[in-house]
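Note that the chains take the letters A, B, C, D and E in the order they are written out, and that residue 1 is the start of every chain.
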Amino acid sequence: MIIKKKNTWFKMLFEWRGSVLPQLLPRLLLLLLFSFSIVYFKPFLIEKNLHINPAVFTLFGIALAIFLGFRNNVSYDRFWEGRKLWGALLNDTRSLARQSITLVEDKEYDAKRDNFINLLTAFVYSLKHQLRHTNPDYDLDRLLPKETAEQLKNAHYKPIVLLRELGIWVKNAKAEGKIDSMAQLAFEENLNKLSDIVGGCERIASTPIPYTYSVLLHRTVYIYCFMLPFGFVETMGWITPFVIVFIAYTFVALEAIADELEDPFGLQPNDLALDAMSQMIENTLLELNNKKMLPVEKPKDYFIT
Amino acid sequence: MIIKKKNTWFKMLFEWRGSVLPQLLPRLLLLLLFSFSIVYFKPFLIEKNLHINPAVFTLFGIALAIFLGFRNNVSYDRFWEGRKLWGALLNDTRSLARQSITLVEDKEYDAKRDNFINLLTAFVYSLKHQLRHTNPDYDLDRLLPKETAEQLKNAHYKPIVLLRELGIWVKNAKAEGKIDSMAQLAFEENLNKLSDIVGGCERIASTPIPYTYSVLLHRTVYIYCFMLPFGFVETMGWITPFVIVFIAYTFVALEAIADELEDPFGLQPNDLALDAMSQMIENTLLELNNKKMLPVEKPKDYFIT
Amino acid sequence: MIIKKKNTWFKMLFEWRGSVLPQLLPRLLLLLLFSFSIVYFKPFLIEKNLHINPAVFTLFGIALAIFLGFRNNVSYDRFWEGRKLWGALLNDTRSLARQSITLVEDKEYDAKRDNFINLLTAFVYSLKHQLRHTNPDYDLDRLLPKETAEQLKNAHYKPIVLLRELGIWVKNAKAEGKIDSMAQLAFEENLNKLSDIVGGCERIASTPIPYTYSVLLHRTVYIYCFMLPFGFVETMGWITPFVIVFIAYTFVALEAIADELEDPFGLQPNDLALDAMSQMIENTLLELNNKKMLPVEKPKDYFIT
Amino acid sequence: MIIKKKNTWFKMLFEWRGSVLPQLLPRLLLLLLFSFSIVYFKPFLIEKNLHINPAVFTLFGIALAIFLGFRNNVSYDRFWEGRKLWGALLNDTRSLARQSITLVEDKEYDAKRDNFINLLTAFVYSLKHQLRHTNPDYDLDRLLPKETAEQLKNAHYKPIVLLRELGIWVKNAKAEGKIDSMAQLAFEENLNKLSDIVGGCERIASTPIPYTYSVLLHRTVYIYCFMLPFGFVETMGWITPFVIVFIAYTFVALEAIADELEDPFGLQPNDLALDAMSQMIENTLLELNNKKMLPVEKPKDYFIT
Amino acid sequence: MIIKKKNTWFKMLFEWRGSVLPQLLPRLLLLLLFSFSIVYFKPFLIEKNLHINPAVFTLFGIALAIFLGFRNNVSYDRFWEGRKLWGALLNDTRSLARQSITLVEDKEYDAKRDNFINLLTAFVYSLKHQLRHTNPDYDLDRLLPKETAEQLKNAHYKPIVLLRELGIWVKNAKAEGKIDSMAQLAFEENLNKLSDIVGGCERIASTPIPYTYSVLLHRTVYIYCFMLPFGFVETMGWITPFVIVFIAYTFVALEAIADELEDPFGLQPNDLALDAMSQMIENTLLELNNKKMLPVEKPKDYFIT
């Protein structure tokens, strides 16, 4: 889900759509209560000299900035690489569909071409289902001949098996004399690109940021936040808890967003809208093949990529 | 619009062309008034101990620097990737136009070659119109045969349909024996590149930076700025509001520029000059094809890319 | 080993799986004792004016941030490049396996195709063994004809020799008239890519980050940490050692993780799971070739990429 | 101009070659005078409480660091991309020259090959002249047949027209039966790369960093520097102006260098030495074609790339 | 020279191998003496108010961090790009050697194939010698036929002339009917890649980081370090010089390493081990061609890439 209609700068301050705040609220309330208790026990803390020099937080800040900046950049890169892969998927399926029209010599090849484009569309959907661990049966059934659909349901790496089927389609076209060796090579090149896309998506999905990083950052952020009251209670009064919670909010929200974007193929609010993208690819392939496009309903205040 | 004539270092301090300041002025004035009222109520605030330790802003600074730096880099990368895609569009259309001259064997092919180059030009314009959601009818009518133009007006993904037409032109040239399989492949390769360019532009246009980021940064910047007076009112006098507004200006202007560049295909002052670029591509293709170039009027104190 | 099942935010604070803490514990305990002794000798230090201005640590922080940030980014890039190379290995072996089915004309070529795919699988395993300095004999024996296996055991750059064998397989297929020049070229292109992958892995494995960097960073981190007590003992009491050890922990843990990721092909907890990846490639090639896949046991609370 | 002979660390402190200092001197002197007047009016400022809390400059520092770091990186990237494009120009012209020797079958083709290599050389020089807005007539006249030279002088996008001529040379070679379709394709591929290089250079030359960025950074740097005396006059005496001018020097020099590198094809001291590079390309092509190289004079204490 | 055997964390603190410390020692001693004299003249400085507010160093820190971080990243990128180019050299020479076996049809072509592989090896060595400005005669004599060797000794761009010879070898193979057009193209593609590698190495070797950057950074680092005593002498006693020298050490060492890595093809301790890499390429090509590999002696406590 990608939100489209931007508010004015003022309303944007109170924006809730797609926000990570709800999941963070309990933790921030805990920190608020903790800070209040620290303010309450201030005389006792001063007596025991349980005070942290604010300069300490500046030093900590170095580690925190490196961790958060790194985590943030890496997560966004993963998100954007995922988006690029699905963009490349769009480009390459379009190119293959175009080539099935312009490289195949026979004019009476329409039915077989429809098969080819259906295989391409099924490839896109089965990649989506594999990445989201959802059931592809509905899409396979509606797009493929019954036999192929059944065979695929048993396959483990479905998109790869579909690539083989696409390659066999090209092989048959050559055997029937509809294309020559050069054209086969042109198809092969784009099939290789699709193979790279599948592997790229699998790589992002199967290899998260090394877990130790996440743990270390998580620990640093939270311990840092819960140490803050000890550093500022002496110089600020009852305003302390609110200021601290707001600082903490920026840090933990940054971590939470990075955590969401890390796996861009998931189903959280800020993840990639694979459903809409699959449907869009299906539609552009249909149009290229002079078929009627499927109806798409537009969401109201956000748009789906 | 890209400003060209640079001022001297001194005059540049008062530069207004392309500035984001006008849209920010009301907010900055609000902050100025707010700061003055804080200075006015200083004794009351001191009495109530409503003071923020300046060290707090240094801690905040970490989050702010990460957010702003990230937002800024990502927005500029999108701007520059958009520019690169349009640069690649220039390169590939030039290459295709050159190939329509050097790879096609027949010397009497001039009229058909004009068609090809017009299809290329129409491709460029229809991409521009798609990205800006403007009406391509005028350009389609002047560049394409009537029938093709009408067919395209009903198409949803116009540049992609035009790519198919370009591929069919090549297919026909091969069918007529003017080019061989190898040459067709050379054309195909560049058509694939154009397909990648369309997809790349669509990707940038349809997938903004995750909205939660924008909201979180926006919130942090503004709350930070409105908290500043509480931190500095004690140590500085009536000079405080001016200093604070200048600090705030650098932060909110940075956010505003990033927001403009995020969608480089828009119509804001700092966006890419797609009009001028389309016209430039048309002209260079005309020159390659030994045709008279269209007149271009040069702007006075800025230039258009 | 890549940990999968994430804990709640609270339990994650006490996460031990894959942690670098155990190896750091002795050093941190040493620092704790050292800090306590500094607190104990506080009166003496004050008398001798053996105090370090905390601002000094902020200056140091610049160098520390550059070093740690740089080290961290470079190490992660090496890890991720290693992952990408193994991802490309998956893509290219799949493409080659597909091409051995769709580009070879003869239908009675199944036995020879099995050879080809076994060569590919042996290539993957021998690369893994070369990177880890482990013994490839078991995998060579089970995948290759006896003669080829013996010949390979004596080879120094085994994956490269296997690439030559793959090329010879293609050459023979052409000599037997099963593929034409174009198809051979398509195979060659993917073999070149495999050659690039081998070289890329060798590059990462054989060229660590310049050693002087590691030494300089290491020295700066540890001297910095052991200087910290002199800076904070005056303003904080017995709480000093704990705060300092926690700061030190974030810095030395960051260095330790970077050190682990620097060589992503090793056997430390956060390194790439080459075993699982090799097995996965074998399985996907088997499925492509319509063979029965090998059984894979799934780990319980982490997953292996 | 790129300076080669490095001084010792001590002499390097007083290095003037290629420096941006001369152009900055008047501004820095102005700041020096301004700072002295602030020191002089110190009692008055203290009375009126016209003091700026030094912590303010730390906050400013965040914006300044983001701006300067960003500007610096982007400018250097443009410089380095420009250098890479000219490096690719060298590589591709060498490859084309080599192919005109090794792909053309006829041994008696020497005169025509000389034409081809002269076209390549003219392509390089006309790109240089286009980027620097200088007159290419001298180079066109000495390298091209009279007719072609005249035709080119009227062309607007000269390098692109020369690419067409190179393509026509290849077309003719094929028509004469000296090369086959495959070889033509090999030439075409490198011509496409040259087209990409031209477009890449045009992109850098025609699209500067968005002007608003430059203005905002410029404004921030100078206002920041002129605010500095108000922050430090109280704690430091007559040493203040010198310290402030040195701080200011580092910031404004960083901005000035970035400004120079932004357009790497210009004629400022730190720009790319396109003259020397063009001559070097001409020489390496001459050597490849077994011709005598042109004499090159070596500069004494700097070298030209 | 790349050091391999890592010490324990403790011994690593006293590591001297490959260190830049020796060359920095005199400068650091000078700074130590200077700092001591400042401590000695402390009463005089306090009387004259020759004091620098420590906050000044934080502001400076911004410029210093940008400069050092930038210099460091750019230098390392140059080092790593140099390494990648030599990695690609390995990959492409291996691919070419493999193709000389698998694409050439004649089985009795062994002697000519040896020539080809020797040309490849000579190409690698002559590139190494060109980058290091060393004498290639020994390697040319042992690898090439006498005539070719003599011809090359007079050539200016030796690797490029060798590429031409490689191309001519392929041309002859085609003229003799041993390879077809397709195979020639496959060779050509890899020869183009070698041309790119030569140009890439020349680019790094001939274009250092703009000299003004180096000077500005150098000046900032050293003036900063010599200003430090004025800032800390008041708050710290006789411990000041030692602390300052340690801070200075981290900064100047960072600059010194960056300076070494900037030219990765040089002969300083942290530069690339081109000797070992050339020998390794020769060996892997020998093995591919079923020849006996040259003996390689392994260094004891560091390894050479």
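FYI, a residue touches a chain if its C-beta (ideal position, glycine included) is under 8 Å from a C-beta of that chain, and two chains touch if they have at least 3 such contacts.
What you see is a predicted model, and the numbers here were worked out from it, not measured in a lab.
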CA centroid of chain B to CA centroid of chain C, Å: 38
Distance from chain E to chain D - Cα centre to Cα centre, in angstrom: 24
Overlap residues in chain D, where contacts from two or more other chains coincide: 55, 58, 64-65, 69, 181-182, 185
Touch-based graph of the chains, sorted into line, ring, star, complete or other: ring
Successive chains along the ring, chain C then chain E then the rest: C, E, D, B, A
Of chain C, residues touching chain A in the complex: 2-4, 6, 9, 12-13, 15, 17-20, 54-55, 57-58, 61, 64-65, 68-69, 72-73, 76, 79, 83-84, 87-88, 90-92, 94-95, 98-99, 101-103, 105, 180-183, 185-186, 190, 228, 232, 235-239, 243, 246-247, 250-251, 253-254, 257, 260-261, 269-270, 283-284, 287-288, 293, 302-303, 305
Residues of chain C defined as touching chain E within the complex: 27, 48-53, 55-56, 58-60, 62-67, 69-70, 74, 155-157, 160-161, 163-164, 167-168, 170-171, 175, 181-182, 184-185, 188-189, 191-192, 195-196, 198-200, 202-203, 206-208, 210-216, 218-220, 222-223, 227
